[in-house]
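The following pair of complexes shares a single chain, subunit A, combined with subunit B in the former and subunit C in the latter.
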Partner chain A sequence: MGVPMADLPTVTGERPGRLSRLLRPLAFMSLPTAVLVLLFLAPMGILVYFSFQFGDLTGSTGFTLTNFTDILSDPLYREIALTTFQIATIAMIAQLIVGIPLAYVLAYKAGRFELPLLLALVLADELNPMVRIYAWRMLLGREGLINEALMSIGLIDVPIDALLFNKFSVIVVLSTSYLTYTVIPIYASMKAVDAGLFEAARDMGAGWFTTFRRVLLPLIAPGIFIALLLVYVPLFTDFAAPTLVGGTTGYMLGNVVSDLVLENGNLNAGAAMSFLMLLAAGLFSLVAYQLSRIKQGAK
Partner chain B sequence: MITLSNLTKTFGDSTAVNAIDLEIANGEFFSMLGPSGCGKTTTLRMIAGFEEPTSGRIELAGEDVTWTSPKKRNVNMVFQNYALFPHMTVRENVEFGLKIKKLEKARATERIERMITAVRLEGFESRHPAQLSGGQQQRVALARALVNEPAALLLDEPLGALDLKLRKEMQLELKSIQQQTGTTFVYVTHDQEEALTMSDRVAVMNGGNVEQVDDPRSLYEKPRSEFVADFIGTSNLLKVEVETWDGDIARAGLGDGLRITCRESGDRASAKTITVRPEKINVHAGPVDPGQGSLVRGRIIENVYLGSMTQLIVELSTGERLIVHELNDDSGGPSEAGTEVYLSWATDHSFVIEGAAKAPDQQAALPAGAESL
Partner chain C sequence: MKPGRRPALPGLSAPLVAFVLTVALAACGGSSGSTDVAPAPSDPDSPASGTLRVFAYEDSVTPEMMDPFQEQNPDLEIKTATFDSNSEAAAKLAGGFEADVVEICLDEAEPLLRRNLIRPLDTSGVTDWKNLAFNDSEGVRQDGGVIMVPLSAGPHGVIVNTEAVDREITSYADIFEPEFDGRAALEGDYALPPIAVSALVKGIEDPMNMDEGQLAEVSEFMKENRDHFRSLWRSDSDLVNLFKSGEVVISDGNSGQAKRMKEADLPVEWIAPDEGTLSWVCGFGITSRADNLDAAYRLINWQASAKAQAIRGSNGYVVTNPAAMPLISEADRATADPSSLTDAIPETYPPLYDQWVRAFETFQASS
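And then the complex of A and B:
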């Protein structure tokens, strides 16, 4: 053909500017996506807006910080926050203690049962939360199966009341409610770890615990991080379990929000509480992410 | 010293390793060679302790370790896929075993540095395995195992994943590291050239059995079974009915002054096959006096130029074919296809071996005194 270079139109001009390079991906975003994002962000915007508003019976509104100062200065809320932290943390640790070995068995030991077990785990989560919680009530209650069983074998004479309507029962119910979301990400990260590494560690004299701590744990840290995001954060905001099995001592922040909004009709205070919880969750995620990077040797 | 006695491993109803006996001396470079699935890895894993034997005994330095956990055995393994810890640096990988043994810091550092130098990885200490080439990863795996100063190092096809050139380099390097450290190497490979060039002794395995244990030269020059003769290098196998035994020399006359003489190698009773290597055969235009050696007659049916030598295929009257390698040094005899030739070889270069592997009707035996061509 032999077209002289000079005749070619200059397609490759200058490098596009920084802003246009940043915006380019947006061009691929279709209108529906944009609408969805908007619908997702709008409630959050409204939440933030309401949390900075006051409203009284006269109907007058305006900007205020009192929603926050009220919450932060109230010792009762601080106590509930502490209880919530306690319950969520213990439930999370319990799920990791059960979930990591379970994921290990699924990933390396289950053989041909791997898929059926995985399916069972997913199906277990499909159970309606209300049904699950009522099932626990039937197990743990005064006339529940556990008490009946213990009395029938003569281990106790009077039913144990401490099983239900307290922190303990909330922890038990929460631990089982999110187990699927703890196990699946950890299982997925284990599938990427060559089981030969455990043999290599054993070959060099490592026992099972050292092998777990120095080889497996750092390699599944990203999976644990995802499990924390999926489970630990929702544990803080859960209100179904504490409402149904919490009694008075198992009262959590999620109940505070729902009571503020539904019982007291104080939308502004509820929004402020939610906003604070959102901030805490964001902060926590950031810290967890950094920690998981350190464990991996910041690749 | 590693002693395996009557070691057997079965998986379900298939036998992976069948009652093998081996003795591996201290400081020896010992290879296990054999085709895929013959039980090499299984044997190695039993020595390391990752596989429990079905029966038999394993001794390390005179101590029975058959049921000892791998972490208590003073041997280390280099895995075929290296199994390096991906989240640790080169240095941390090498350090791993010493940390577990809680070796004193100064001594550990000294050992690690010496090892990293020995495998030529200076400057790579803070890299992760993913940032290394295959050969470099291989060297990390080696250093990680050797830094523990094991009584024996077990290597499972350690060069299998490398390209040919790197393989050759690493072969030399492995050998020199082995000589430097004086560590016993138990080396698994299915590459016969690798086994022959590197090892002090080689165990040839087949279907869970050890066929022959010998130094590379004996293995090549004096194969004891058809399998070994066939597996190691190129070999000619001829069916022969032995007529007379003269000491350990077997003779079979073929009439017309033609005859085969060879040395005993395997079990005399079942001896039916003889072996001779292609390069040991001389080609002549007419009958010659073979002295004490063998002389047979045949016709060249194929002639392939291979650079430094020419490969001839010679068909005998029985229909059996011999491969002959003639050096291209201008001294050679006839090589044109179609030419009738006489082939001779010295007694010491051919052996009567057990010939049970092939069906007898596949190649008609050279009947004693039969008319040739």
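And then the complex of A and C:
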């Protein structure tokens, strides 16, 4: 039944002017923008500034590109970058291999346990990183739980040393340290996918792998992209895991920056290294974004 | 940074915070002060007043160390701040951070010296100067002037698990013996200790002043032995954990660490190695922009006094004032005794330190 125009409540007051309409959102944005500039862009600007400065122990400074040329032309840093790339990539792949099925179970199979499981996953991440790493040392160590268990059931006679203090243990620790940040975005993107699509795919004769590859994967590509941003990039800068479980072999780019700044006091070289890593991360993010669009069928 | 002095391994964000802070402070700039000898107070016994700003490692300015000094000088306002390395201290002081007294360690002092952030002391103002160990060591005197008053030391020898190793250990070279493959550790929190230890094992008697050829030789030796080591330890707790968990049975380390392990019922022994015992040496100096020189000398005299030194001795450090020995408990006396360091090799800032850092990076990164 229609309502006569005369009965509709009238809006009192004048329409805001054009200037007011423009300024209001700006006013809302001003505080967050100021915070962003002060706490994020300003330090970033300082970092970039210092990366283009030379500095020595006498305190003299000036513009230079040598921080970058030194790093880029140094075979040692290339070797460390390659090691870091290997470790970070394997750790990321391991997390996706574990994270995607875990997200799937959470999103579609957990039922009433969905929320408790999700909470458990988040709580696991709240554990102090140092405690978590030392816990891994207790698990993987020579007299650790895994070796003790294997020996007690007679599978091995002597402890396996290769479980700890090498690249393998760094990968294990890194893979588990960031798992929450891998699972959550993928889980969130899965929640937006209608489960009926899987049924439709099955009705059309698709097996589970085809359903995963042709239906699920393209639809959760944005979630995987977010996970890569949140996890893969920080993996390159991590230094706690390689320091504590890497033994003499897990030296990564994060350790280089830490040593340059904290041990050598070379802020400029540390800033240049960080800036280069930032650029690489930006480049990687662009590529990952494009790939996720392709998977989705970019509009 | 000094083992036994440094905090546990910094958290994930610590380097970033340190970086941002030091960068921000360095960006602020600061005025230069005086590099003339700081005149000694006319009456060193009269209580100080005004404000005294102390910038030091955390364990040098604990309430246990500072409260008695405050009681002696009730009209003095004492402000303390701490750092984790002299590089950090230099960056902050150069950036305008104000302090009268700064703690200086011989192996890390270079950034402070090169930026003219400290001024020489008049030793006539330091009551116990003539009795202090290391008062004539390389590094304590720079260009004829005394830059710091040595207050504590940490001999760096060999720690061995006596239950797991049934033969006599006498030298750093024992750490590198094949029988300890995969069961040995080496300090790895910064370049100086592992390279100096390796140099001594290679028979280089003056490791701090190695030439390029010697350094290359040591670097190669370290690379050859990289897989021999189970891990590199980065803090006291890290080292204790490695012994406790059975991962290592032998390592380099200092006597204070061994003492703490024994207190935790670990069967370890600390050995002064045949090659000579490396030792860090730290003390207090006066900054070039110090305002309250009288109070600065008063604090240095307190820290060098037998009473304050006894407190350091009970904390596991070697004291520099022998007069403190009778005040130290029987249990701590052996560790604290400065005579144990008569032939020690003080860890000083190596002239080729950049190349040392490079060699250590190569050691850690080589595949």
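By our rule, the second predicted complex is superposed on the first by the 266 of 299 C-alpha atoms of A that agree within 3 Å, B and C clash if a C-alpha of one lies under 4 Å from a C-alpha of the other, contacts with A are read in each partner's own complex, and residues count from 1 in each chain.
Convention: a residue touches a chain if its C-beta (ideal position, glycine included) is under 8 Å from a C-beta of that chain, and two chains touch if they have at least 3 such contacts.
As the structure is a prediction and not an experimental result, all values here were calculated from the model.
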Worksheet entry | Clash or fit, subunit B versus subunit C on superposed subunit A | fit
Practice prompt. Go through the superposed model and pick first if A:Y134 touches only subunit B, second if only subunit C, both, or neither.
Written response: second
Worksheet item: In this superposed model, does subunit C or subunit B come into contact with more residues of subunit A?
Response: C
Discussion item. If we overlay the two complexes on their shared chain A, which of subunit B and subunit C does A:T83 touch? Say first, second, both or neither.
Written reply: second
Item to complete: May I ask you to decide whether A:G247 touches subunit B, subunit C, both, or neither, giving the answer as first, second, both or neither?
Response: second
Discussion item. Touch test for A:V261: subunit B only (first), subunit C only (second), both, or neither?
Written reply: second
Worksheet item: Regarding the shared-chain residue A:A271, is it in contact with subunit B (first), subunit C (second), both, or neither?
Response: second
Response to the item:
Minimum Cα separation between subunit B and subunit C after superposition, in Å, equals 40
Discussion item. Per the definitions at the top, what is the overlap between the subunit A residues touching subunit B and those touching subunit C?
Written reply: none
Fill in: Interface residues, subunit B side, partner subunit A - complex
48, 50, 69-72, 76-77, 79, 81, 83-89, 96-97, 100-101, 128, 144-145, 148
Discussion item. Using the touch definition from the top, list the residues of subunit A that touch subunit C in their complex.
Written reply: 43, 46-47, 49-50, 56-59, 76, 79-80, 83, 129-130, 134, 137-138, 141-144, 161, 164-165, 238-240, 243-244, 247-249, 251, 255-259, 261-265, 267, 270-271, 274
Fill in: Parts of subunit A lying in touch with subunit B, wherever the complex brings them together
194, 196-197, 199-207, 210, 214-215, 218-219, 296-297, 299
Worksheet item: In the complex formed with subunit A, which residues of subunit C make contact?
Response: 8-12, 15, 18-20, 22-24, 26-27, 84-85, 87-88, 90-91, 94, 110-111, 114-115, 182, 188-191, 226-227, 229-232, 234, 238, 241, 245-247, 354, 357-358, 361-367
